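Shared between the two complexes below is chain A, which pairs with chain B and chain C, respectively.
What follows is the complex of A and B.
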């Protein structure tokens, strides 16, 4: 009974979503928009439910590209940060550079990647990987920098070499930070994948969106927007759960 | 590695890093290691220095800057109000928290169709910037407000202050560092949001220049516009980080 109750409370807490749907509907009705301008939410939801099979290939493509980039970029960032941590000089040189590159807007990055790598899957994957790489790199490095002196002294007194310090102590400090980076970059990875797909128009939710917009199929275009939001929220929630698991395991 | 490097050493490293980055970019371009799409940095700079190039970049940067700044101001104002509302009316709080988390994850590109029909192509960049900033700001402000200790909270209540007074005297001052945190995080988000908005057919702006330069294979222009957008985002970030440091010193 209490589980039912907590599920009910969770549902009630989604009131802003319901409120938004109603506002959307009222807004369309009051302005008297036809469905080519702005469709009513119920028709959009109907299009998503009825034509879900048409959405599935795009969803799986975008999800695959986003998750691939998220995992790949995070791993490369993690390994890169460990390599850089090994040498103080390298870390001093690379960290400011990484901060500069981090502030390149995705919208400026994707067209350049598309030109260098060529239109297609590698460009989408390269975009999502690069977006996730820099935060993972920076967060891992700051985690490794937070290893307390005392811990390091203890390890060196007991005769541990640098690899052992890293494996037994560094990971404890770096992994929670790495998971923060995963949570932060998860929605960005979906956004980057969709922007790259929108620009190149080959595959995925971004391409479906630009295609249905040019055919004036507004229910499909808005449906894509709704589906993309749901996908992004799910990826974010997944990353949050993973972060909590790792935290619970390490502390 | 055992002692933290001194500031002068850090600065030297940072300069070395910057120089290394510039040299690498130039070399990759000169030897065409990444193909023709990666021009030598010197070519990009000489393009920026031509009168046409400079004029084009300055005009479009100003448009993007205006949209980003308008969106930045609007988004932060609404987000602060929203977070304050969630604080004063506790009934709204759990729902608004969850809603902010959802909004935070919404890919901004999904909002484009809504904005093109409602506000039009010209104002869409500013509104998308406002939304991106607003999400970041709401989340930081909500956690900033939540950060006040319950002992202080109780003290105010015991002395008979109502919610509005407690907000003004306790929670708002306590949330000032979080506010500047939000501004620092929101500044790059504003530039990103404005350029995303410009992808959807705005008449002017850096986002438009980037896409059209890409489609017409004007690599120097593409790189110059990308660098301009990056510089804008980086400068805004650095300015607000400085402000945030000052606020931290004053309010904690």
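What follows is the complex of A and C.
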């Protein structure tokens, strides 16, 4: 009974979704759009449910690319921040590079990335990695900078070397911060993967969207957008759960 | 009374078991730059000499630079002028050799580690195998048996301080620095910890500097009590405490003990006034 009740409560919490769907339908009807301009939500949902098997390869490809880029970019950012923390000389190289990469819009970078690493999978993975790299870098660096004074003093009187300060103190203080970066970049990773797929990929939700649009299969194109939104939200929720776990363990 | 005069001189004859000097602070002052050209003088010409195996307590009004003296001895700060030597070498040397134990005012426990791992940390940093019997003994000593697996956030403030004291003792250091380690404890636990600390000190004779507010605590534990003046801190008086050990309730209730407490409290008041 209580399970049923909590399921009911959860359903009630979904009201914004229902509200959005109704607004979408009203907007299409009021403007009198044909399905080639904007399909009604019910047809889009029907396409997703009925043709879900057609979506699955694209979902798994995009998800794989997004997660791959998320993990890769986070690791590179983490290592970069540690290098900067470790040595002033490396800081002079890594920090400006990181800032330049961050300042150039990803959309403009994608064709260049593709030219360098090759079209298709490498370009998609490189784009998602690039978008996840900078937040991980900045958050790790701020975590390392926020090692409490008392902790530094303790390791100093224990006669710890720099590697021990990093391994036994710095990394563990930086990890909760790194997880914040994972949470905020996770949806961007999905976005970057889709954008790269849309611009030059042959697989994934981005490519599926571009392909359906060119065949004027608007239900499929809008369905791709809906599916991408759901994937993005799920990735975010997953990252949030991971962040909470790490936080509970380390603080 | 001069600080140096109260100490036995280092024997010239090497065959005689001489008392080595553990800590010597010579004419040390410490000026902190606060920015915008403002400066704060925390210490003025502090001279201290502490013999090996001696227990010295430093008392003084808040902000008189007691903790700064400890930081100088720990090698965490350097004096602006003057010199600090620990066993004849620069203070950092002792830390590098893993011979220094410090319990800070802030417990500085690792939040992700259990009580046991926190106490075992000095072994790991020193690259030595963890002596489980020693760690268990320390846990028992500070009365935390049953809490071995607890994390710092699950402990009370007093328990955390006790973990930090156990950690400071883990490697049986040659020099133990205690910065108001019992500050967060209730009176009863505090007295019990005082007795325990006196017992450990009796067994291991670790050269100890204790910074405290509590005159009673200083008199129960120390061989000598150093009274510091208010900012800028310098040594006002050094008092030798020669009550026999162990200093149990019989001694703390004696009129001599009370007289000494009163005398030192008066000195503290006077040095407070000097600061104002």
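Here, the second predicted complex is superposed on the first by the 236 of 251 C-alpha atoms of A that agree within 3 Å, B and C clash if a C-alpha of one lies under 4 Å from a C-alpha of the other, contacts with A are read in each partner's own complex, and residues count from 1 in each chain.
Just so we're on the same page, contacts are C-beta pairs under 8 Å (C-beta built on N, C-alpha and C of every residue); 3 or more make two chains touch, one makes a residue touch a chain.
Since this is a predicted model, take the numbers as computed values, not measurements.
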Inset, instruction - Give one of first, second, both or neither to describe whether A:53 is in contact with chain B, with chain C, with both, or with none. - result: neither
Inset, instruction - Identify the partner contact of A:150: answer first if only chain B is touched, second if only chain C is, both if each is, neither if none is. - result: second
Legend entry - Which superposed partner A:248 touches (first chain B, second chain C, both, neither): neither
Inset, instruction - Please work out whether A:228 is in contact with chain B alone, chain C alone, both, or neither, and reply first, second, both or neither. - result: first
Legend entry - Partner chain in contact with A:164 - chain B first, chain C second, else both or neither: second
Inset, instruction - Considering only the touch criterion stated at the top, classify A:30 as touching first (chain B), second (chain C), both, or neither. - result: neither
Inset, instruction - Pick one for A:209: touches chain B only (first), chain C only (second), both, or neither. - result: first
Legend entry - Chain touching more of chain A, residue-wise (chain B, chain C): B
Legend entry - Where chain A meets both chain C and chain B, residue numbers: none
Inset, instruction - Under the touch definition given earlier, write down the residues of chain A that touch chain C in their complex. - result: 148, 150-151, 153-160, 164, 168-169, 172, 249-251
Legend entry - Complex contact set, residues of chain C against chain A: 74-76, 95-98, 100-102, 104, 106-108, 110-112, 121-122, 124-126, 153, 177
Inset, instruction - Would you mind writing out the residues of chain B in touch with chain A in their complex? - result: 1-2, 5, 9-10, 12-14, 16-18, 20-21, 34-35, 37-38, 94-96, 98-99, 101-102, 104-114, 117-118, 188, 191-192, 195-196, 199, 206-207, 210-211, 213-214, 217, 219, 222-223, 225-226, 229-230, 233-234, 237
Legend entry - Interface residues, chain A side, partner chain B - complex: 12-17, 33, 37-38, 88-89, 92-97, 100-101, 103-109, 111-112, 114-116, 149, 152, 186-187, 190-191, 194-195, 198-199, 206, 209, 213, 218, 221-222, 224-226, 228-229, 232-233, 235-236
